[in-house]
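Chain lettering (A, B, C, D and E) follows the sequence in which the chains are written, and residue indices restart at 1 in each chain.
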Amino acid sequence: MKKIAKDRLPELLQKMAEAGKVYAPVNKGGKTNFSVWQPGDAADLTTLRSAVPAKSVLFPQSETYLRFAQQGKKLSIETVGGEADEYVLFGVRACDAKSFALLDKVFLSEPVDQFYASRRELGTVVAVACREPEDACFCRAFDIAADAPAGADVCVWDTGDDLFWLVQTEKGERLTARLAGLLEDAGAADDAALPALQAQIRAQLDELPLAALVAEKKHQALKQLFDDEQWLACSESCLGCGTCTYVCPTCHCYDIQDYDTGTGTERSRCWDSCMFSDFTQMAHGNPRKTQKERFRQRFMHKLVYYPNNYNEIACVGCGRCLEACPVNMNIVKVMKKIGGEAR
Amino acid sequence: MLLEEKTSQEQAFEPLIVAFCCNWCSYAGADLAGTSRLQYPANVKIIKVPCSCRVNPNFVLRAFQKGADGVVIAGCHPGDCHYSTGNYFTRRRFTLLMNMLDFIGIEKERFTVDWISAAEGSKFAAVMNGVLEKVHKLGPNRKMRDKRWKR
Amino acid sequence: MQRIGVFVCWCGSNIAGTVDVAQVAQSAAAMPGVVYAKDYQYMCSEVGQNMIKQAIAEHGLTRVVVASCSPRMHESTFRKTAAAAGLNPYLVEVANIREHCAWIHKDKAEGTKKAIALTRAAVAKATLNAPLVAGESGVEKRALVIGGGIAGLQTALDIADAGYAVDIVEKSPSIGGKMAQIDKTFPTLDCSACILTPKMVDAATHENITLYTYSEVESVSGFVGNFEVAIRQKARSVDAKKCSGCGLCAEKCPSRKAKSEFDEGLRTRGAIYIPFPQAIPNVPVIDRDECTYFKTGKCGLCSKICPASAVSFEQADEVITQRYGAIVVATGFDMIELDKFGEYQYGQHPDVITSLEFERLTNAAGPTGGKFVRPSDHKKPKKVVFVQCVGSRDTSGRGKPYCSKICCMYTAKHAMLIRDKYPDVEASVFYIDVRTPGKNFDEFQRRAVEEYGVQYIKGMVGKIFPEQDKLMVHGVDALSGETVVIDADLVVLASATKAKDDAEALGRMLSISTDTHDFFTEAHPKLRPVESHTAGIFLAGACQGPKDIPETVSQAGAAAAKAIGLLSKKKLVTNPCVTTVNEALCSGCLACEKICPYGAIAAKTIELTNNGVKETRVVAAVNEALCQGCGGCTVACRAGAIDLKGFTNRQIMAEVDAICF
Amino acid sequence: MSCSCSTHKRDPLVPQVAVIDAMRVDTPDVTTFRVKKPAGGQAFSFMPGQCAMLSVPPVGEAIFSITSSPTEKEYMEFSIKRCGAVTDHLHALEAGTEIGIRGPYGNAFPVETALKGQDLLFIAGGIGLAPLRSVINYVLANRDQYGKVDIVYGARSASDLVHRQDLFETWPAAPATQVHLTIDRAEENWAGHVGFVPQFVKELGFSLDKTVLVCGPPIMIKFVLQGLEEIGFRRDQVYTTLELKMKCGVGKCGRCNIGDKYVCKDGPVFRCDELEALPDEY
Amino acid sequence: MEKIAAAVRERAKRALATGEVDRVFAWKRGEFWYDVTPAVFETADETDELLWDSFCVANLSKYLTGAVRQGFKVGVFVKGCDALAFNQLLQDNRISRENVRLFGLPCPGMVDPEKLKKAKRYRGVRAVARAGDVLALQGKHGEQQVEAPAYLYDKCLVCRHPNPVVYDELLAEPQPVRTPDSDRFALVNELEAMSAEEKFLFWQEQFDKCIRCNACRNICPACSCEKCIFDNGESGVAAKANADSCEEQFFHLIRAYHVAGRCVDCGECSRVCPAGIPLHLLNRKIIKDIQAIYGDYEAGLDPNVPAPLATYRLDDADPFDGHQKGGKK
């Protein structure tokens, strides 16, 4: 294990940035989000949840990936999407790290989404353990260890004074090697302090209001769950905004749009939400006519369809939707109502 | 002589002014300016609308997005509206919009509303010259530009 | 995508002089959708037009763009050209590269660049043009004239003479209006009644004219050619069919407290009365507020003595609904109240009167039988002071900021008449300016000064103090700067004219606008002075602004001509550039309805099945015949549910994009 | 993780250039586009029932079923009905214009497995003939590998019948192939059957050993399935192809799922007994 | 507040039991002490779950549009700001007054859990009770009392109408108005005083955070269009994502403009924004301008008074006049 004094974090980021872009949680205009770190930016390791999940680095909210040029009847197409250079994604939490694995199943399954794949390939993920989990956290329901984030290339713990740095993968090794001058070897005392810190985190997790939440694949038949009469009651308060979708680290629906640049066309894709009324609107009708159907789609997808296809629930318990929903409707309430324990 | 003194950068800046003119007064005023051979810069390009009250704030923002450095709405003088009350609404609507643009940091000088009658060819030219002068001083509008739009 | 043809006009050297037309055509050829582009010397010439027609046929053009002079010039020409080639005329767009380009720029490169941009905008708009078809509606061959004064009478007579039915609605019990109250008219000093009465009789007896006196317009709906008007005929309490007009009832009526409206309150009348001897119809009316029978249930004398048993206390208001093709508003004017002008003692002292009261005072049929005496002691005054601009040209807020226009002339008339009849009476006039433009007007006023020795003092009266039986008029002679004090016996105030108090309400009913002073607004101050903004509604007389009689009569004739022109049409073609509502998008907030100056938008309830659930929803509906196509509603509509044909949101934004190219 | 350098590997969302070789107006609102690579030939290989995404910048993309048979190697055909911005734009193009194309998307009718050797009954309505035509022509091109072919096809009116040459000349002339046409309402110069497709199918009364392929408007499919069941067909004998809003075509953008199946990836061809297990959300 | 809550429950129960209404829109307890969800109650039995506490911030008025349109008779609880919203919806013809039974609830101001969180008073809390302006935070380790005003939503601190302006019956004693109205525009004034550059940078940073989730729009009682232009591909201005920053400017400017003169200043847009954009400032700027230029008008106060953009005065201020007089230059 390596370590570095916490107040030297800017130096560390600076060093990383010398080799390529570094995405880090930075507070701008009152909210912390992952953005390309610039000298002078203070990385925010206190805020647990970035307003927008870290998936935005791998799967940007909006990405122009094609350029068309037309000359008379001739058409030429240029691919401009994806990432070309190595970069570091610093400060991801366990839940967000887990979300990458869930997104991988969608985007890296055949046919592979090359734009996502390039970002996944070229990025080195540095995860940070959560020192102070919050009330809305329920990552534990999905066996995610907030005290020991998995799925990252490097794991970092904030002890208050120091950052412990534990390499997880070869990529992490390479990054660590680049930072050799800054990171120092951790001592025996540190090695002992880490389990204590982790235990302290776990103890906090035990105390959370949702600590007892069990998330397992629903056992009922798909159609039975689909026809559950609770959907109406659950969805009645839903405003049909896309807040839950856009703050969700696992939601991955997207739209494709053309933009006329005046001299050509740019095609981009952007996040979309199945909560929006026009998501499935076709010229001759809409299979999901009311908010109930759209609401059901979102949660059936997370709790039933995705698990059917990939054997895991598409939720990481980050709690963002619990915090962000304007009317406090969220996946926990749905999990408890639909085909689950009757309250 | 004056032109030569300008820096090359200033010379390169050719502002684009989009002017929405009501059919009955200001468009006719622009026609009169033409008939009277009054000069105003070619940077001003006119879009005809039946009445200034047809101008949607969307159009104004759209023009700024697409690279306009200034936008003008010209209608009949209040009280002279062909549709009797149209420009009274124009007046309220764009009083608020102008203030909003100012509030988010778009210079007020980039957005002009003026009343130009069919008989005021010279006023038309004067207003356009004035707008251009102001916009020229401000320089290109970068604040609302859609960077994807290539001009 | 469309197949667009672009035609670039040289306009001789007018355009070609500053615009490289060939380059414009060449650039146009590369614009999206353009399949044909050509330049020619004169597109509006027959050869040019044929070129367009031929290209439409040969290249299967679906849209035509002409880059030429202002569309105000030749848009209709090119539309007709397209129509002749079988293309909907509204698929034509004109790029104004002459007035808006060639004529204002000197640099050819610059001009060419701009011409290309303007053409691109026209192409972009044309791409989104939709074929539009003008609708048709019929015309009800009947006109309504609101107001039975000289303006209304003249209008009605002219329309009736042209062979169309006309109804006159007059609020008071008799037609005649203000002119009937006037003694003599300037500048010829004709007897007002002598020239008016024949017209009143003509109107009453004209086979095409129906009079609704003591009546008011209650509601107006519909649109040009097809108005539907409800007229409330107030209960006269006298059966007009039975009444012989003998006047016995009015003579015997024991109630004598009511002030005569006709005589400006200078004498009283009965509760049952005929407003004035020449009144038409010559049928009395019971003023129910004054009538003892109506107040107490007792009396009924008139009923008892009426030889024709025409008095009918039970008579009720009647509402008549009638359809009209045209409406002429001729509601006239009033004089302002003078309660804010305390310095003149009007209302305090009986010998301070208004000019209109003076007319009654000098009238042979007036309260004094034409004897020139002052109201207080019925003595002949020795010194009369006239004060002009009482409330006119007054920006203090007490009066009106405009010039009432007639006062200079009638004041001169009054002074002249006094001096003519009673050379021993001194007449002085306080004035700010003397405004006498008009045929023989200035000569008239000068005669007053020069021949009749009326003393004109430039200046305003500061205050009037009653002193014993005199009125001490304190003024300033602005020319000498000296204070002038005149010990007058009678003071006549030329009070300002104003619009009728109910003008704004009537305007709302008719969907026509009023100006700041509640005078009705003409469609264009110069070019359409007798039309209102609402098609089919015309204006005559002082309801549109202060006017004298000759002006009023000529405007009445003009309004009649406009109305006749309208009524003579078999069909009206409606402007196809009107708004339409996309009901699927409309949320029924009716913001559009609230701002429509023509009342063309109304709520409509539709039933629809939304996701299998039946719902009723309110949406806006446009009456295309009323819509004039200003497009104001489209901006009020947040959802873009209401859009203007020919100037749609998409079209204008396409123009913006193209211009910003 | 595979190599993912975007410049070397084509993303599934990236189209290739193809050219509209010819356009044939079928009905007032349907035109058939013949599309090939600029150098000639199919843009990619496919099987009957699969779809392709066509791009017309700057309007956008839309997915269409390929109506030509893969056995026609020189080109691909798309019968496209005007119903939105992309199709409007396509209809206004001229032959020779280049567009973008990507695919193939979705599964195909099981022409090489379940349909082999079977008597086939095709039932189509309106533009629904487009995907089935690919199968029909594939079957006719490999005529000896399949049993009898019956084609029931209906449209609103005679002028709305697409692929008239196939309907009136090519297919009736093919061995052991029968074409049964109907239109919704009687009209002059129409001697054929009048009535809706579901009723017509019942009237024709086919033997129950056929394998059925159905495509048409949702309401037609619904009543055809009902009718077939009434006659005695089992659901597992019937195949249909579905259409939902699609953007990516590769099962990722999240719009076209019915339950846990993505129409663009797991469909669009479904055997009707499979559909029954899915939620009724299409 | 508990006492009123009981009355609220009782009233809802009675309304449903007697058939006075078909449905009641109210609030329901969620997972946490601060977690309250709007809910529809259809039977009297369900009303035990009904709630009235310091976290009933959600405005229920907008939910009425659907139910009323389907012909149900509905009962709804309205706080001060909710009642303004109700009136605005009424003015926009989105609901009809006849089918709605309005239960007015004078509001003591709602508590912002974020503020408690920031003040580190958040951890371990399991329930919050309120008596007047005292909040009792009950946690595992006992109770802690704090002053409520410090933790109220900003919007509640400048609330002008704690008491409903329209109701059929009022279920509690009216609340006093907290702060003078003038505070409301403090931030607007501050921004107005900045230079164009500063203003632009401020908003740029704010708009950059926007994720176009539409929460601000969907919660807004003045945003009640059948289909928003930003959702309508045909409108030509629809755009889903922040492909370019100008689109956020466009969206927020036009949204603010669309609610100009109709915004009841409930502050919900800012409350629900997951990116923390002070969107209400755009609306307040317009409200301030309207009041300064066109006189006192308060959206939602009286649905019969024409909205400022639906009317005009001949002598309206003309800020444009005088830019270029005459033309005789």
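The rule we apply is simple: a residue touches a chain if its C-beta (ideal position, glycine included) is under 8 Å from a C-beta of that chain, and two chains touch if they have at least 3 such contacts.
In this text the structure is predicted, and so the values were computed from the model without any measurement.
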Give the fewest steps needed to get from chain B to chain D, where each step moves from one chain to a chain it touches.
-> 2
Most widely separated chain from chain D, with each centre as the mean of CA atoms = C
Where the CA atoms of chain A average out and where those of chain B average out, how many Å apart are those spots?
-> 46
Centre to centre, by mean C-alpha position, how many angstrom separate chain A and chain D?
-> 39
Inter-centroid spacing, chain E versus chain A (mean Cα positions, whole Å) | 30
Counting in whole Å, what is the centre-to-centre distance of chain D and chain E, each centre being its mean C-alpha position?
-> 50
Residues within chain E bordering two or more other chains | 227, 229, 233, 237, 243, 309, 314
Among all residues of chain C, those touching at least two other chains are 515-516, 595, 636, 649, 653, 657, 660-661
Which positions in chain B touch two or more other chains at once?
-> 57-58, 62, 66, 79, 85, 89, 93, 125, 148-149, 151
If you look only at chain E, which of its residues touch chain A in the complex?
-> 30-32, 35-40, 58, 62-63, 117, 122-124, 126, 140, 205-206, 208-209, 211-215, 217-219, 227, 231, 233, 239-243, 268, 271-272, 274-277
Within their complex, chain B touches chain A through residues 66, 148-151
Listed in rising order, the residues of chain C that touch chain E in the complex are 515-516, 584-591, 594-595, 603, 613, 615-618, 636, 638-641, 649-650, 653
Which chain A residues qualify as touching chain B in the complex?
-> 64, 259, 261-264, 266
Note: in the complex, chain E contacts chain B through residues 188, 191-192, 194, 196-204, 229, 237, 243-244, 246-247, 249-250, 253-254, 256-257, 260, 282, 285-286, 289-290, 293-294, 308-309, 312-314, 316-321, 323-324, 326-329
